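For reference, chains read A, B, C and D in written order, and residue numbers begin at 1 within each chain.
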Amino acid sequence: MTLSLAQARAIIDAALAKARADGAQPLAVVVLDAGAHPVAFAREDGASLFRFDIAKAKASGALGMGADTRVLAARAASNPVFFQSIAAATGQMAFSPGGVLIHDAAGMLIGAVGISGDTGECDEACAIAGIAAAGLFHGDRK
Amino acid sequence: MTLSLAQARAIIDAALAKARADGAQPLAVVVLDAGAHPVAFAREDGASLFRFDIAKAKASGALGMGADTRVLAARAASNPVFFQSIAAATGQMAFSPGGVLIHDAAGMLIGAVGISGDTGECDEACAIAGIAAAGLFHGDRK
Amino acid sequence: MTLSLAQARAIIDAALAKARADGAQPLAVVVLDAGAHPVAFAREDGASLFRFDIAKAKASGALGMGADTRVLAARAASNPVFFQSIAAATGQMAFSPGGVLIHDAAGMLIGAVGISGDTGECDEACAIAGIAAAGLFHGDRK
Amino acid sequence: MTLSLAQARAIIDAALAKARADGAQPLAVVVLDAGAHPVAFAREDGASLFRFDIAKAKASGALGMGADTRVLAARAASNPVFFQSIAAATGQMAFSPGGVLIHDAAGMLIGAVGISGDTGECDEACAIAGIAAAGLFHGDRK
């Protein structure tokens, strides 16, 4: 299955709905396909300028390393020099929760969500809510 | 006025509605704020991988030079070496119609739309339709 | 279908076999997946230093724009400023024959081959031979 | 001696043979020449997207600093700010074992292997096995 624009928008809408219900800070949400290319993006009013770049770096970091950024952030905490060096080498990684892999019902990796704007925990919770609302499955499934 | 996410999405939705009505190739549509930072983006199913980059380079090129890319493309045709040099220097310009400045009712520049996927003329027509549908004004107004 | 390493190597081996049979200059051959990430690469002895970069830019240019670089090169010849600007914006395009899209039997785009080292015509002929030898289909099929 | 494509492929094949025998995670293996330019590369099915970039950054980091990345990672742990600054300055270093210098029988430096996909220890063990299988000598020899 290829991630469709309709699915990507469903993920974004549900993630932002949760953010508003929870009173989160203004968020930016990007959905990338399995090759780490953008499918859809939205930045809420009031979110700061680099939120696109950070959200995208979370999502592409997850895809690039094959794990949610929650997992990568934990690994990075115990091996900071290596993770900082690959962040510099790729220019496409942000190590904080909120980059979440998306799988289809068959377990195939079809993309990733990246969210930035509130705490990593909040960002990630909104990402997971968005994926579930679109009828897809987040990183833990694989 | 600051360009809102709601306005950016209205632009994208109307641009894509026109694209579908006109039978255009699959498009990518990005809306940037006045500082050239992404507010919203959508890439239709079947659009190729670099459509985000090209759409963004159209919109940021328009903002960076203060003119729609239709105008910039014409200037570039008569002065190619200079325009190629600034494309290389910035890495954020694409000289083909489809990068269109957005003004509010007071004539203030509030952002730009960039569209890529079909001919420059088609891309630009969809951008202008999107801006008008959102109750905003395209580059010609200024 | 996802392009496998075995398929990528079969493409490279057959492309290089044709190059040797035809007395081509030393070639570099890269195979990218559908997201433009490298799967396999080989640079023949005597090929110059930037052949990887050029071969990769052909393959990623084809994927990024959704057409073989033979087609893109022809378009670029009639619209050089635009194509040079998007080459600068993406940093991942080389406009000469030798970047060829790969489709599976169902017509799905699964990657691209990029070859550099001889003339564009020779590079492309080797790419097409490689794809065919792997039981896959080149860009013309879609 | 210049590193040949045949030698590079022998290194990759033996490294991957060891990886499969040991049940390693899917790996990416790159071989660079003495000027840090790619000679050959393979990414196993299931390896994540950035494995090429990381493997290449290990190999180019080793060549760039004149030591295997095991040595560089140890130095970086005791002087992180400097090593992070050079990682950022070059964009071509990854400080984890798995980047291994290649010497010929005369002790001349002829290239480097970079492997990414499993632990640094596993990656490095596969690199060393590959170099030995090709009749060449790894970093410790110098």
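One rule holds in what follows: a residue touches a chain if its C-beta (ideal position, glycine included) is under 8 Å from a C-beta of that chain, and two chains touch if they have at least 3 such contacts.
Quick caveat, the model's predicted, so the values are computed rather than measured.
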When contact pairs are matched by residue number, over half of those of A-D recur among B-C, C-D or A-B in B-C
Cα centroid separation, chain C vs chain D, in Å, comes to 26
Rounded to the nearest Å, the gap separating the Cα centres of chain B and chain C is 30
For the pair chain A and chain C, the C-alpha centroid-to-centroid distance in angstrom is 31
Distance in whole angstrom between the CA centres of chain B and chain D is 43
Within chain C, the set of residues that touch 2 or more other chains is 35-37
Contact graph of the chains (line, ring, star, complete, other): other
Chain C residues touching chain D in their complex are 2, 4-5, 8-9, 30, 35, 37-45, 49-50, 52
Listed in rising order, the residues of chain B that touch chain C in the complex are 47-50, 53-54, 56-57, 61, 73, 76-77, 80, 83-84, 87-88, 91-96, 120
Chain C contacts chain A in the complex at 33-37
Chain A residues touching chain D in their complex are 35-36, 63-66, 79-82, 84-86, 88-93
